[in-house]
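Quick one: structure below, then a few questions.
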């Protein structure tokens, strides 16, 4: 008789809640004669996100009392790192489901499938972050990706949406294949796919011929670079960002970063942590290229979604800094960066979505000319969000950049610190150009941008986060620090 | 000396599977007609199945044929024929701005790197298995595989259910016809 | 007994509350202007009270009003403000600049927003001057960029967007090595004491550095401050920026923000890396002297008044740096005084140019002529400011430049000699400018120019008063400064000795 | 060679010459007998249908017209070989073999009798007994679709192409139900090997999977396998009235003969598989006759297989062809849920009674949910959400009424 | 004695490379999907080979999951292709209806 492994349900509750909510929506909509209203679906999805956050609080308390633990045959790990990732994902989901509701109304996308897919996709992201097994990470990655492919292709009114999805699909598939090949080779090198066992193996064995392990790690790293659109694996990002429906772009930019970064931090620092020095040159190159190329190519963009794509490439380079450092401080700072990036980028894309109108086509930067004159609050909100991404002082973005650069310096990466900060100076140009356009006085007659309640809430939340935690980053930093201290062996 | 120290049947099987795999793979990337490419793909899949059997993974070999050849490639052909992609212009994308030579260079470098690294580590470090049970021969390995899926990989197994649900919902969503007429009423 | 730090917090918070007030009354025309002036007055009064309360001898370091609250230990973020002799004058200058810029350079285009940005800028620069913690300093230091950027890009001249971008990118790039340097110091300290991350000036100034590290860090810090100041050859952003900025912006930037550079140099670059001084001094002195001469030369050929002021500022900043780096106490006191005095003088200049611009819509020298006859009071006021800038004895410019040259001559004679040429240069270009603008035969437009009205006179009264008072009676100011300077000098020499 | 031995006791004493000889004989005999069976099957079908339709059927050649098939074969062999100009020549030529080979391979796993002892070797009366056993059958039924699909596509002609598309969709649709019923059997047996499956049913009729698993898997399997074979009433692939002749319209001569052969070979093979899976294969009463006892299992097997072959013919004669959408409905909406539910119930009872009962409850609940969803979906098929094109849908009066009332509510 | 694992590993690596090359150079989406399948098959082969050398069933179990993923990916990928075609044809239909008046 097979002995079924025991499951600690608290640890997998977030994943279960999201899948459960997704399935519940799916089944309910199939069993009702009339279509389920978008607000009902949104309420459920907001509710489930809130539930996940509540569960995460309990998880945090549980970990504080009992320490980190592995469950379901070591496939899932319950530690603060994962809990924080869960919260970040839940937050992103919450905000996105609100934005997506208004988007669906505006673009006449009927049905509640977007909510169903968003919920399921989030479950995949959480799975990546709490997984302790490379196969589970792979499956989480696929759930995340497949959900996103469909979401990207959702907009039936724009042919570009499906074409972007195709492109995303092909490169995502390539990344997945590279990742799983890396996993296969790591499995060959260590005899396991469980991360903690792998790290134990590396810690207790001296490898005379470490080539296989290096190779596997390198492939995993490349796949990861694909997923977070680090240069030179970034080519898909601008097209996909441009083609995807705007709220989904925001979701993608936020959630993929959380899932990918936090999942891969676990793989690289926890699983392969003992040979960090091997990966450092690769990471170094990725960071330098991503930050510089992202900033420089962003300068030429006229389309704001492409611009934000390059911006996110640049930001991904920053997020990698903490990974490069590989210290507790580095992990904490990357966590901080990733978590704070979620509300900012989703709110930014929420505004972009509003401005682009019902057709979701007006993404030229000139559409923003004088926006801040006509609608000061909206303009100010966008300005704050952009300044935060720029890294202006007393915004959340400053502390995010500061902490990652600090962690790199702490690990004696002065060159990296210099290069990334200089790239931020270059990137500042396009953020500022956009911000300045908001308040340009050229009289371009344009209609007012309607701000629906849900999206307005999201934007307000994003701005409030930026400003409040921009002065007082202590709580988030505290969480990140506690999540990272116990994380590294 | 290298070759003769191994049993002849296993060498024959290897050569056969390699020939199938490589011929098929080259066919996939060179043939113009998608249907021919799909046929080449089937060839590769059979080759891989042969390689599986040669390595005592006969259950997987069967699953390989059932899933890949029996379902996935059929699906390919279905879509090709359904859309008439082979006769009309196909769906074209240019995901990377790389040219052929660049791609070839990259791939060759990567693969030689892979081979080199593997050779450096003497192909496999030969450590005893850390997790799961020892691989038994023959019929028992199906049982073992099942046990492993329901113990070590239980969570992954459950996750595949979710994955498939998402994939199905997504595919239905994508392939569904436009609702323009229905909603206009 | 040290004074409560709430005074300093109030200085930082008042402008922020002012923003809220301004935005509250933004719908009523003119109300935001009144509110802004009210806030500025409160700020000014507060500054004067703080300056009056400041006791230079309360501690060995001359630091008063100090406090430290750690906000986020892992980030090393702390609220740590204090006041000493050097920052005292800067604090006063900040309040004064705000008040005068508001009153004297009124711009009715989107007034609430303009005033709000000015108030943000005030908090930012006030914060930089009061911060005792390097990270906090950096935050405020960087924050000045944002309001400046918006002031230039929204209210500036025709080339405003390019100018704003140039300004932002230059100074942002400049601050990168500063940040890296600060972090490096912080980690050095943390690894040494194995405690929490701490960027407090007191802590970091006790970090023992190798000679090389010291030099490298000095360069990093110096680069940031040199760009901000601006010091030749990092000044290229400044002429276009000063020229394109609206008058209020020009005033803030040249009178105040430029001082952030020299202040940072005196306070941080010198205070933290005394070991590097011996090596770096000749270089910095040379740059300062080149700056003086270059600024003077360029001012001679500059085509419009704002550029003249910009280049003259480059020259004056050269003087400040010369004095600050020379290592003599007298020169350093002179440099700190000159920071304040140059600020006051520049305010005067820009206000006057602003008046001319308001009347004639241009500030190019060739379009102006013979203003003396139509606007005699303006000419008189201009003369006072101009003479102070040249360094005429009895006016504030003289005493500070004299102290600088005196001190520098004692330690580094040759540089002082060449620096002194700058004084001659200043006389040359200012008098030439004066002659071209105010003398001669006025054409029709220039003839009908209106003289300064009573309100504008009142704005210039404090400027002239300060020029005169500090020119003849600088004692109280020097008394407040010198303990802090002495402490700095002692610190530098101790560090050199312990090496 | 340990591995081989665990698969087949024939190799227990190593692979000697005699062992190889036995293996070759098994293959040759198996191949020959199935070819022979096919000729008989064709004759049998024609004759049986004729009888059912009160006709005479073939009678000229040989006794009862037994050689009719041979005569047809000779005729086809000498016919001109046509390849359409638009055809994809290579694939066109390849397709018939893709149809034929899977049928042959599938037959190799069928145990046609018990075990023999020849020259000290234990010989199983089946060509091969691989450990993944029944999966080979699934795999081959997956492959056999290629013959039809590619034939239709390669013809470069319109109706064959439609036939191809239909074939692929149909195969995929029914394979799921097929797989699920096989899983039920595997669950009950605990092994994939066909030999084990048969052995597990050897102890009397009550142990046959037909009875042991309830009738449902058998019914589902029968329907699904008929659909997989493209046999009537599921022969939409070669629906003469709609598609001229379906995938083999453009085929002639020997290639056509190959398709024809493959179809009947498949029928026989699948009958044999059905017998193996549900009717105990060669199991049955064996009279105690020395030295010839081994022949009785074979006879039992043959008898059962012929019965099923006959039932296929019967279907063909008796049932009208399904409409394409009905075919899809049956596959996706009836068979798959049914086989899945049944599999759950069987699995539950295999654990213990309470699990079984709870599974029954679950399945009933699921059934209600699905019914509800289907009835709603039926309304939606013609509307905005429809997945399938509206081909030949004739709304029933009740549905029309429902549509009208729902519209009225709006 | 069976052939060494290295032979199969190299075979898998080459197969992976061919797949990657095809994915990067071919322009037809469907063939690119097929190249993805090639790559995943190479992964499967690697897993099985390692599973044999390590005498560990984990590798074979992983193949299982890779297959599931491959199936899911293909489903969605083909869905996207179909969606693109649908939209293309609808756009042409729209143009036609506009022409009609």
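Note that the chains are named A, B, C, D and E in the order they appear, and that numbering of residues resets to 1 at the start of each chain.
As a convention for this text, a contact is a pair of C-beta atoms (placed from the backbone, for glycine too) under 8 Å apart; a residue touches a chain by one contact, two chains touch by 3 or more.
For clarity, every value in this text was computed on a predicted model and none was experimentally measured.
Participant: Determine the set of chains touching chain C that also touch chain E.
Facilitator: Of all the chains present, those in contact with both chain C and chain E are A.
Participant: Could you tell me which chains are in contact with chain A and with chain C alike?
Facilitator: Shared contacts of chain A and chain C: no chain.
Participant: By mean C-alpha coordinates, which chain is most distant from chain A?
Facilitator: That would be chain D.
Participant: Suppose chain centres are the mean of their C-alpha atoms. Which chain sits farthest from chain C?
Facilitator: Greatest centre separation from chain C goes to chain D.
Participant: Select the chain whose centre, defined as the mean of its C-alpha atoms, is least distant from the mean of all protein C-alpha atoms.
Facilitator: If we average C-alpha coordinates per chain, A lands closest to the whole-structure average.
Participant: Between B-E and B-D, which chain pair is linked by more C-beta pairs in contact?
Facilitator: Result of the comparison of B-E and B-D: B-E.
Participant: In whole angstrom, how far does the Cα centroid of chain D sit from the Cα centroid of chain E?
Facilitator: Chain centroid spacing, chain D to chain E, equals 29 Å.
Participant: Measuring from the mean C-alpha position of chain B to the mean C-alpha position of chain C, what distance in angstrom results?
Facilitator: 68
Participant: Using Cα averages as centroids, what's the distance between chain C and chain D in whole Å?
Facilitator: Averaging C-alpha atoms per chain gives centres 91 Å apart.
Participant: Among the residues of chain D, which ones contact at least 2 other chains?
Facilitator: Within chain D, the residues that touch at least two other chains are 384.
Participant: Among all residues of chain E, which ones touch two or more of the remaining chains?
Facilitator: Residues 9, 16, 19-20, 29, 32-33, 49-50, 53-54, 56, 58, 62, 65, 69, 72-73, 76, 79-81, 83-84 of chain E each touch two or more of the other chains.
Participant: Going by the contact rule already set, what residues in chain B reach two or more other chains?
Facilitator: 56, 59, 63, 71, 75, 82, 91, 93, 95-96, 114, 118-119, 123-124, 127-131, 141, 147, 152-153, 156, 160, 163, 166-167, 170, 172-175, 177-179, 183
Participant: If we use the touch criterion from the header, which chain pairs count as touching?
Facilitator: Those chain pairs satisfying the definition are A-B, A-C, A-D, A-E, B-D, B-E.
Participant: Any idea which chain B residues touch chain E in the complex?
Facilitator: Checking each residue of chain B against chain E gives 5-7, 10-11, 14, 17-18, 21-22, 25-26, 28-29, 34, 37-38, 41, 44-45, 48, 51-52, 54-57, 59-60, 63-64, 67-68, 71-72, 75-76, 79-80, 82-83, 85, 90-96, 98, 100, 103-104, 106-108, 110-111, 114-115, 118-119, 123-124, 126-135, 141, 144-145, 147-149, 152-153, 156-157, 160, 163-164, 166-168, 170-175, 177-178, 180.
Participant: Touching chain A in the complex: which residues of chain B?
Facilitator: Those in contact with chain A are residues 91, 93, 95-97, 113-114, 116-125, 127-131, 146-147, 150-156, 159-160, 162-163, 165-167, 169-170, 173-174, 178-179, 183.
Participant: Provide the residue numbers of chain A that touch chain E in the complex, in ascending order.
Facilitator: 135, 138-139, 142, 146, 149-150, 153, 156, 159, 162-163, 165-166, 169-170, 173-174, 176-178, 180-181, 183-185, 187-188, 191-193
Participant: Report the residues of chain A in contact with chain D in the complex, numbered from low to high.
Facilitator: Spelled out, the residues of chain A in touch with chain D are 27, 30-33, 110.
Participant: Using the touch rule from the top, collect the residues of chain B that touch chain D in their complex.
Facilitator: Touch residues, chain B against chain D: 33, 35-36, 39, 42, 56, 58-59, 61-63, 65-66, 69-71, 74-75, 77-78, 81-82, 137-139, 141-142, 172, 175-177, 179, 181-183.
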